[in-house]
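One chain, chain A, links the two complexes that follow: it is found with chain B in the first and with chain C in the second.
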Partner chain A sequence: MDFGTVIDAALSAALGPQAIVFALAAIGLNVHFGYTGLLNFGQSGFMSIAAFGLAVTVVTWDLPFWLGIIVGMLGAVLLALVLGVPTLRLRADYLAIVTIATSEILRLIFGAVEFKDTFGGSNGLTGFARTYQDMNPYGGGVDLGIVSFSRNDLWSITVGWTLVALSCLLVFALMRSPWGRVLKSIREDEDAVRSLGKNVFAYKMQALVLGGVFGGLAGIFHILKQGSAVPTDFNTTFTFYAYAALLVGGAARVFGPVVGSMIFWFLIAGIGSFFSQATSGADPLLPDWLMTNTQASLIRFILLGLGLMLLMIFRPQGIFGDRREIAIDGR
Partner chain B sequence: MRLRLAALLAAVAGVLTLLAPSAALAQATPSPTPPASAGAPAAVNPIVPGANITVTLLDLNGGKGDPKPVPGVGLTVLKDSKDGAEVGSQTTDTKGRVSIGIEGNGTYVVELDPKTLPDGVKLSGNGETVKTVEVKLASSNFVQFQIGAVVVQDASLGSKIVDGTRSGIIAGLLIALAALGLSLIFGTTGLTNFAHGELITFGAIATYIFNRGFGLPVVAAGVLAVIASAAFGYLQDRGLWRPLRRRGTGLIAMMIVSIGLALFLRSIFQYGFGGSTRTLSQYVVQGRQSYGPIDLSHKEIAIVLVSVITIVVTCLALMRTRLGKAMRAVSDNPALSASSGLRVDGVISAVWVLGTALTGLAGVLLAVQQQVNFQMGFNLLLLVFAGVTLGGLGTIWGALIGSLVIGLMVELGPVFGVPASIKEVGALVVLILILLVRPQGILGKAQRIG
Partner chain C sequence: MAAELSEARAALAGVSNEPGAPKPDPIVKGSNITRTFGGLKAVDVEHIEIQRGVITALIGPNGAGKTTLFNLLTGFDEPNEGDWSFNGKSLAKVPAYKVARRGMVRTFQLTKVLSKLTVIENMRLGATGQRGERFFSAAFKSLWSSQEDANTTRADELLARFKLDAKREDFAGSLSGGQRKLLEMARALMVDPELIMLDEPMAGVNPALKQSLLGHVKSLRDEGRTVLFVEHDMDMVRDISDWVIVMAQGQIVAEGTPKSVMADQRVIDAYLGAHHDTDITEIDVADLEAEAEAELVAEAEENKS
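Up next, the complex of A and B:
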């Protein structure tokens, strides 16, 4: 057992591009669920519409990269508006079901054979990230001993963590403002806010759009860092993982989603690497009848499911959160 | 002219597996297929050891009756492209099979000689006689590609509607069983259970284990699987949900717990069962017989009967029996039921047992109708949600009606222009539209749910 490799894998994942994608998506969920109490289970839908907005604009329509970014973000805004109108007046679990259904609809359409000419079918689209990669100022990768990154990852990390920092700053400023206080009071008691003359529907809609924009940012960053937009990346499991990351860190806290995503990926990659090593080689630590190498990759997801249950039961506020601030009582 | 369909069932076995589609779409005259005319075909072509391409040519006869092998058809395997070097050539034997050895990974082309097809059978569609095959190193599964479902395109609109209605009703009934379970549990506990799909999978995998593991016949395995599902539901309520209710855990917290449970169970299923799709030992392929305008196989008749009887009996029991009335009372107002002397926890336990048994039965029937896979229930979950929401959350007959509408939407969608590969989209769009127009569902009571 080489613990150096395990630590390297865990740290690279916790600081690397994948954790950034989760952090951005979870910041959006934090605005929805943490601050406003909206149960959005379709964050992967916001990600996919922005991602394919960019990819289709650049690859299929052959238009400039920056226009693609704008199209992608407008797609996320539009989706929030379309989703919000029918569901924001309904109970929380209705919003959950509709958002999850919408994200699946989008994923199925983007992956459909019939629309292969536009969205690239199940293989998705590639070749839109040239402008992004050309901006890379780094000459080579970096190796810090316990953790190493390639040249491309280094550029993605620079861009990604900058985006995360700016997003956190924006959320921090907004939630201190009177607007943010209205959102939090909607989470606590919608009817009280309504009786004070606030337009609850409009506030919820604004929160849905803002969180959706963060989701869109996550989607665009996701396809840029890997250079391809693949529909299956945006399945509902992704949203659930992002929720897990948010809840680990603590909802309704500015840094909750960021720290949560880092811890999430540290554990996922660390446990994955540990069990992968424990089952490989000629004389594995765990015998083959107990666990094969394929099964070893599943242990982390079993633990993840178990962890999410235990977290929600015993510490729903996560690491930094405040139990009184979590919208977990159904209305 | 009645259409028949010949399809190539192709498989590559040996060290290298997987291969690709080879299709022959045959159009036939009303006369029965005459036996092969081109010489006496070899009795049996043995499967070549090691890497090989094995093609089985079957006449599916438009899905009616059991598939019949087509002997005496010449097939040639070429390397890389149609003009590439010939690897081997053979004539299909009495089993409709050829087996040609290949060197290793790469691209191969299978060419069918249309002149050697039996009289009265000719290739239809675009008459493609050549199929490209990518041979890659893969698991040793025997993969079959059955091509030729395209024949539906030639069928009349009427028969397409009949076929879609048949599959839609069967799908709808299976969804309805699961939806009834979900609706019962939601009604009494308020829990939106995202682990409900895994309860379907549990029923299917339990059937598989009793059937393949213990060697029981499928019917007995199915009965045992339903009992196992009921026990699973009871234990789940006792071990997880009841303690959570006692602690006063919020509904949204419970919803997220159910997501965790779903991830947990699905990974466990994948750990134990593997990622592959497997079949039960009986009733895998059945031909269909004509009953008036509709063609049904025996297992489809059995599935329809079992699910209709179960649903009707359950609904009647809920309306008439003492326990059923207690369940509806708790569902309506738990606090008032408790103060009227009902044992609310006992009733909720009974609801979990009934709900998971119904859902497990859906899994059993789905395993018989299709195949067993670790995420089959998860794939169905959204349609179950759609059925319940459409019919009205918490209503009894609503789950049935909503699910039937969803099943028909999914299966009839392709007839009216919904792309076949995303036929679920139509049902999900209906789910969203119904929330816009009538959020309480078809049968739900008009009450404030905002």
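Up next, the complex of A and C:
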């Protein structure tokens, strides 16, 4: 058992591009669910529409990279508007149903054989990230002793954490303002907000668009860091992992989704590496009859579920949450 | 103010006691308002007028349509038909938030405080026309901080007036039922409404707090606002209202000053007497008082002749 490898795997996941994608997506969910109380179960839909907006613009239509970024982000905004108009006047559950369905519809359309010429079918699209890769100023990778990153990852980490920092700054500035106060009030009781002369529908729509834009950023960053846009990446599991990350960190807290994503990936990668080592080799730590190598890659998700349950029981407010707020719900 | 108040009250003296009677200076005027739930006509109001500058009570048995009428007037529910106006401008099909902006603000039967916001944040939310509530200026504190300070000063004054200043930084969810009623009323005042509509302000409030709540409602009128409230507490109705409208089965069945309404046989039949599920003593008191009043009237008549 080499614990250095376990720590390396855990840290490179927690600091690496994958955690950044989840942090961005979870920041969006934090605006939706944490602050406004909107149940968006289709964050992967906002990601996929922005990702394919960029990929299709650059690869299929052969247009400039930056135009692709704009198309992708506009796609996320448009999706928020289309989803919001029919559902935001209704009860919260309707948005949940519509968003999860829409994200699946989008994923299936992007992967459909019929649209292979546009979206590339199940293999997706590649070759849109050249401008992004050419901007990489680093000469090589970096080795920090216990953790190391390749040249590409180093560039993605720089861009990604900058995006996360700017997003957090924006969320912080907005949520301390009277605008943020209206959102939090809508989360508590929208009729009370209405009775005080606020246009609740407009605020919910603004929140849906803002969170969707963060989701779109996550999608674009996701395909840029790996250089390919694959439809199956944007399945519903993604949304739920992002929710898990948000709840671990603490909803309605600026750094909740960021720290939550880092912890989420630290644990997923660390536990995965631990069990993979514990079940492999000539004389494995865990005997074959107890756990095989194939099972080892799945056990982490079982532990993840268990951990989420324990979190909800013993620290329902997440890491950054305020215990007093939860106490109010218990009354 | 005091002169205006006595004028407004005096003006009511000449108003007939018929349901839907026209008032000399109505702030709200509505006609033919109906709302059906399935086959049930919850509200079927032929005509209603609310006098400006006084306290009007809306009473009636459970299920009479009082709260539904509240919801309709404030845009929280849509009527099947009907038109009503506030300050002469029609309010039919106007969404709830616009109704509030025009100066007609309501509270709720089950108080709606925002539990996870502090008391002072609840108050600040009430202020209208906040620059910081617009998305594009929200991110820049310098654009809204001075306005926020002014709102906070006003909120603190109101909190002091409603004796909630000690709770300023507490979560609203930690307040008692009575304090929540106070907070909701104070928050509604942040909107600076002309007409404030209170839905059962006394429900679930202990006797000591009731007295101070009564004082607060009176002070709303004394500072020139119009008050319309729904209440089952007959003591409160008798004590503070200038005019009483009685509803039963969705319709207005009687109107008048508190005294005349409580002596009205139709009201006793529809509400006070037919109200089997309320406290026996309450009905007894009302009956006894009505009897006593009737006797007095009879005596006076005798003395005249």
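Here is the rule we go by: the second predicted complex is superposed on the first by the 320 of 331 C-alpha atoms of A that agree within 3 Å, B and C clash if a C-alpha of one lies under 4 Å from a C-alpha of the other, contacts with A are read in each partner's own complex, and residues count from 1 in each chain.
Please note the rule applied: a contact is a pair of C-beta atoms (placed from the backbone, for glycine too) under 8 Å apart; a residue touches a chain by one contact, two chains touch by 3 or more.
None of these values were measured; they are calculated from a predicted model.
Room for both chain B and chain C is found when the two structures are superposed via chain A, with no clash between them.
In the superposition on chain A, no contact is made by A:Gln18 with either chain B or chain C.
Here the vertex is the CA centre of chain A, and the angle it makes with the centres of chain B and chain C is 100 degrees, a multiple of 10. Judged by the touch definition given at the top, the superposed model places A:Lys198 against chain C, while chain B stays out of reach.
When the two complexes are overlaid on their common chain A, residue A:Leu90 makes contact with chain B while staying clear of chain C.
In the superposed model, A:Thr57 makes contact with neither chain B nor chain C. After overlaying the two complexes on the shared chain, residue contacts for A:Ser44 are found with neither chain B nor chain C.
Legend: residue contacts after superposition of the two complexes on their common chain; A:Thr279 is shown touching neither chain B nor chain C.
Here chain B and chain C are compared by how many residues of chain A each touches, and B touches more.
Contacts of A:Thr102 after superposition on the shared chain: chain B is touched, whereas chain C is not. Nowhere in the superposition do the C-alpha atoms of chain B and chain C come closer than 9 Å.
Comparing the two complexes, residues 328-329 of chain A contact chain B in one case and chain C in the other. Against chain B, the residues of chain A that register as touching in their complex are 39, 85-87, 89-94, 96-98, 100-102, 104-105, 108-109, 111-115, 237, 240, 243-244, 247, 294-295, 298-299, 301-302, 304-313, 316, 326-330.
Those residues of chain A lying in contact with chain C across their complex are 170, 173-174, 176-182, 184-185, 187-189, 191-200, 206, 324-325, 328-329, 331. Contacts from chain C toward chain A in the complex involve residues 74, 76, 95-98, 100-101, 105-108, 112-117, 121, 124-126, 128, 130-135, 138-141, 144, 148, 171, 173-174, 187-188, 190-191. Here chain B touches chain A in the complex through residues 190, 192, 244, 247, 249-253, 255-257, 259-268, 270-271, 274-275, 382, 385-386, 389, 419, 421-422, 424-425, 428-429, 431-432, 435-436, 439, 449-450, going by the rule given at the top.
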